[in-house]
Amino acid sequence: MGNSFGTLFRITTFGESHGPGLGVVVDGCPPRLALDVVAIQVELDRRRPGQSRLVSQRKEGDQVEILSGVLDGLTLGTPIGMLIRNQDARGKDYDDIARAYRPSHADYTYDAKYGIRAIAGGGRASARETAGRVAGGAIAQQLLAQHGVTIVAWVDEVAGIKATVDDAMIERAAVDTNDIRCPDTPVAQTMIERVERARKDGDSVGGVIRVVERGVPAGWGEPVFDKLEADLAKAMMSLPAVKGVENGSGFAGTLMSGSEHNDLFYKRADGVIGTRSNRSGGIQGGISNGEPITMRIAFKPTATIMRAQDTVDADGNPTVLEPKGRHDPCVLPRAVPIVEAMVALVLADHALRHQARAIPHH
Amino acid sequence: MGNSFGTLFRITTFGESHGPGLGVVVDGCPPRLALDVVAIQVELDRRRPGQSRLVSQRKEGDQVEILSGVLDGLTLGTPIGMLIRNQDARGKDYDDIARAYRPSHADYTYDAKYGIRAIAGGGRASARETAGRVAGGAIAQQLLAQHGVTIVAWVDEVAGIKATVDDAMIERAAVDTNDIRCPDTPVAQTMIERVERARKDGDSVGGVIRVVERGVPAGWGEPVFDKLEADLAKAMMSLPAVKGVENGSGFAGTLMSGSEHNDLFYKRADGVIGTRSNRSGGIQGGISNGEPITMRIAFKPTATIMRAQDTVDADGNPTVLEPKGRHDPCVLPRAVPIVEAMVALVLADHALRHQARAIPHH
Amino acid sequence: MGNSFGTLFRITTFGESHGPGLGVVVDGCPPRLALDVVAIQVELDRRRPGQSRLVSQRKEGDQVEILSGVLDGLTLGTPIGMLIRNQDARGKDYDDIARAYRPSHADYTYDAKYGIRAIAGGGRASARETAGRVAGGAIAQQLLAQHGVTIVAWVDEVAGIKATVDDAMIERAAVDTNDIRCPDTPVAQTMIERVERARKDGDSVGGVIRVVERGVPAGWGEPVFDKLEADLAKAMMSLPAVKGVENGSGFAGTLMSGSEHNDLFYKRADGVIGTRSNRSGGIQGGISNGEPITMRIAFKPTATIMRAQDTVDADGNPTVLEPKGRHDPCVLPRAVPIVEAMVALVLADHALRHQARAIPHH
Amino acid sequence: MGNSFGTLFRITTFGESHGPGLGVVVDGCPPRLALDVVAIQVELDRRRPGQSRLVSQRKEGDQVEILSGVLDGLTLGTPIGMLIRNQDARGKDYDDIARAYRPSHADYTYDAKYGIRAIAGGGRASARETAGRVAGGAIAQQLLAQHGVTIVAWVDEVAGIKATVDDAMIERAAVDTNDIRCPDTPVAQTMIERVERARKDGDSVGGVIRVVERGVPAGWGEPVFDKLEADLAKAMMSLPAVKGVENGSGFAGTLMSGSEHNDLFYKRADGVIGTRSNRSGGIQGGISNGEPITMRIAFKPTATIMRAQDTVDADGNPTVLEPKGRHDPCVLPRAVPIVEAMVALVLADHALRHQARAIPHH
């Protein structure tokens, strides 16, 4: 339970960090979609460890194999199975973890829940689990392209260092121009230096990712529980290390009065109804209003640090966890494609759900 | 689609603001739970309009009728239907809305999605919809009491005015001592004055609700998509006016280093493993760790204000929306029991999901 | 759990036989459907007890009240709540049942499962529960009419007495011309006499209902688990007293060779591909093929009989159940609209699921 | 959509007949179950083609690879991914099918639904799809063994030739003693001769499988829609070639009066309440009553025959389908483990659903 996401466009993922591999089954993808397998691999490559000094040095090719659901480049409407084999699994790095619960990791809670866990690499609790999401999300993005939807995420803050980015204009190419995935180049350099410093200190930093979805037509979202922002919030909070999420004005909006906060409607030059401001973040009453959908996502500093930490073992006895293995001093650059993937999965699902609703007239 | 919430402990709500009534069906409540119907009514009374000058003056008794699933004070294990009739439905106050889209309301998006809407009172998009959630959540709270779980929410910020509240100690009785539902009495008075001022100005304010769940055992939550914080975030973001949600350290946590943020494990005096700090907000890897679960929820200022606002009609023609009817200058006091209800629904569902997992040994 | 049916067009029912009432919430009905409330009532009247001497003499008006989701005769796209109050609840008739488990009823199994049950009238296990299904199914039928789908069920066998009916031509009006709901008039008379005899004997009879769906386009059904026949079979077997279900050739088909059984394709006069025979019963590989969908449903003889029966009480002690109260000597006439309702719910759901699949081309 | 089955113990399958492979993800299996991988392979071997002259001669090793969710022989509580590679994929045998719709196959309906299909081997519509079900069902059977549940299916009829088998005593070992999987040895020989004759004639035969589940405790099943027999019926009707299903007395029960059909309760020697007959087939009101659960499942004669058949091509033009490739003259022997697997999946799911319901007392 808990390893599927979505109602009509639905993924089910499986796989442990140091087991045979990671996989995903995409059920509900419409048939006859021209599927670009290279584009799936591109997203996996953006998520992969070892891309730069900023992130984990684990060596994983993360080559995706399509097992089903696609023929001659077209989707069949049947489930699309995808598999990514694990390669660089260093079980021995994790010997100590068997004894010492890593602070702010899921070692203790997995033991509490399941009474067993795959210790090496954190097992299913490893962020490596997200590879399946990214592969599934890459397909969702190709479906959404048919609807004219584009999704761009970027690193907007690292340890309080803030970028200035125009969400109406930002393109993914600009995001990928540097290792930190922040399109504000001078700020990106400061961020990179901050991450480097954390890495040298054996410490880690957190930050904020912003994501914008443009081209979503007015009308997607299913009140009252499956509001678009509700499903997006769940998608974001299901990611490792996420501790907060905002849509539109978010927490800052609580400081405004209603007369300041309200988004006034007007008729745009193209005749479509728009809003003069977008504090609603593209969603009103749980339904997209045609404006860009905007979100901010808070990532805590990576729990794995290269410092000795006090903790306990499974019996509750005090012990010290000595640093070992590899770590990401800042997960945000690798989280950018993961955020985009999850957003795409939510939108693709809601596109299908909305489509289901039309009444024929016989 | 979209009107059910939960997997095993599952509610389905129905009803428009100015239709015959609001209702909820609770499916999955275990049998033989001694159900306190008065306690359900108490929660509805806490949510009801007209409690004080701070909130809408609509007159609604909000008396709940149990239609099924309960016999002689005990649940039967069958679905519990509940109905709350609408009484004070002033359709005529809403004549203008038929023509003018209210800014930052769901009038436009409902039209875009459904091509039709119940104009009076916002129909299904009205916060009145949450009555069904509160009735269902009240049952969930009674189930959770059997697990030793208590849930307390309170108004922690109004328009930037911040309370100081100890989430380890706060009780619901303290919250309900004033109209704003902030247990920090002096700050509550300042908040009340701020809301009064907004009301006199025909304006509105937003703020932040905090909620804490104590007594949740380690082990609830279903990785990787139905993580406890993910389902809680969805529950919160499905509420009207919510624009942001945090678990534990939230956005503030992004400013810390990993070495500062990590929650160190230790053996508590009672022999149970605990953490010395609680930046994780009671959840690690999507699973409760036995510490209090903490969240902050951002509510935007009420969209309904008593001021003229520029907008368009359904044809996109410019018009001015003149203020009319009743409004909540600040929704937060009434949102407190709604937040508690939604949290309870998530936890009750996860309690059942976790319970399903045991292996018998024949 | 277990009180909802359908994925996109989804009903949730509630209510006990002798509680305040029975209800249903229909979620997922498309908006702007012109809803004929009288037609809903007509279906409930066809299911109602007391229609003729053949069925239970319980007096129930079964008047439906629409609680939500409809405005000025049009669906809103929001959940449609409907309520049917119970009137003739004779609790005292059921005193003995508290002590003696009725043979082939659900008294014992409800106790085994829930440890509690609403004894009067069988509570939730009563066939009275199906009123909510019929109300929901009536809406589904109105939606399906927009697709050009018609559904007709009839009593085809009673206690081995078999009718001859052409499923290509049968209309609902012909079914309703007699109390037994068998359109083969001479055979119907024999059936009626057989039921009368059972009634006089204090006994009961079973039989077979056939149902045909015409106008279903090729393409509905979701392999591999939600095949159209699979969902139809589940719908039928979820009805009280049903012990068997067939699609197309059913059990008789097992006696044929493949060369006899195969349905050969040909181009029909209207240019559409059809089959020369219909042993497939309108479904191939889980997907409708455009031919009429045909099913046969076996109903056991009513468990309630007016004879003394050996049984045990809740402690397992031997006792004799004396006959009391009212009973249906043959449930089939009243089951006809229930079968139609369940078939409609399955088809409406699959219509929406199929519709969700189209790819836009931007 | 449609490729997952179950609510809490849930499988998702993928794979085409002649694609890279077939797979299944089992989500919801409890942790710490000692998993016997050999036993999974045994079930796959029982389903495999090429076991005897009676079935298809396709050469497939059907070796299962566990991709996740298991460590050192124990389940982790995380999803169990399993993969079976295809080996003997003779695409060229299927050239004609591209042009001619095979009678009573899913070629036409897949085209009608998806507008595309994997022609070779029937793609996803091939019974080869059931390999994933068998692997998942094998795990479900190991979980059910912990509950003391055993499941045995056998071929009870072939082309009208009927076996005599005592469902209270039958063991799986007796079933597997001959190629037709009928434990009534003399009748089995007649059946085998009948299948041989069909094979020589280039024709095919159908029949009936019976299945019994012993040891299911009273109390499993979720009224009113997810009744145990309803979910079992869906499971059976989702299998290729199934056209009918019965629980307990089935269609034969419609010929009995209520006084003959009712199962009288009594206290068994072990003090447990039982029934003197079992026309209910182990289920009353949708809930197991502790008696053996019995079902009969009708399989049509295999649609693939080695004879020329009139049909049309995708444009509706008349053509003749010439026989080619391999075929099963009788699918029933291979369907036995598939039926057992599907029954196990339903029961495992209901075991967990029932377990979720207990109320703790704090």
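When the chains are written out, they are named A, B, C and D in that same order, and each has its own residue count from 1.
Here, a contact is a pair of C-beta atoms (placed from the backbone, for glycine too) under 8 Å apart; a residue touches a chain by one contact, two chains touch by 3 or more.
Model, not experiment: these values are computed from the prediction.
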Over-half contact-pair match to A-D, picked out of the listed pairs B-C, B-D or C-D: B-C
Of A-C and A-B, pair with higher C-beta contact tally: A-B
Separation of mean Cα positions, subunit B and subunit A [Å, integer]: 26
Distance between chain centroids, defined by C-alpha means - subunit B, subunit C (Å): 39
Mean-CA-position distance for subunit C and subunit A (Å): 45
Residue list for subunit A, restricted to those that touch at least two other chains: 1-4, 7-8, 13, 28, 31-32, 77-78, 113, 124, 223, 353, 356
For the subunit B and subunit C complex, residues of the former touching the latter: 1-4, 8, 10, 12-16, 19-23, 25, 27-28, 31-32, 65-69, 71, 74, 76-81, 83, 113-118, 123-124
Of all residues in subunit C, those that touch subunit A in their complex: 7-8, 28, 30-33, 77-78, 143, 145-148, 223, 352-353, 355-362
Touching residues on subunit B, where the partner in the complex is subunit A: 1-5, 7, 13, 101, 103-106, 108-110, 112-113, 124-125, 129, 157, 159-160, 198, 201, 203-208, 217-227, 229-238, 240, 242-251, 253-267, 271-273, 275, 279-281, 283-290, 296, 298-305, 307, 309-312, 316-318, 353-354, 356
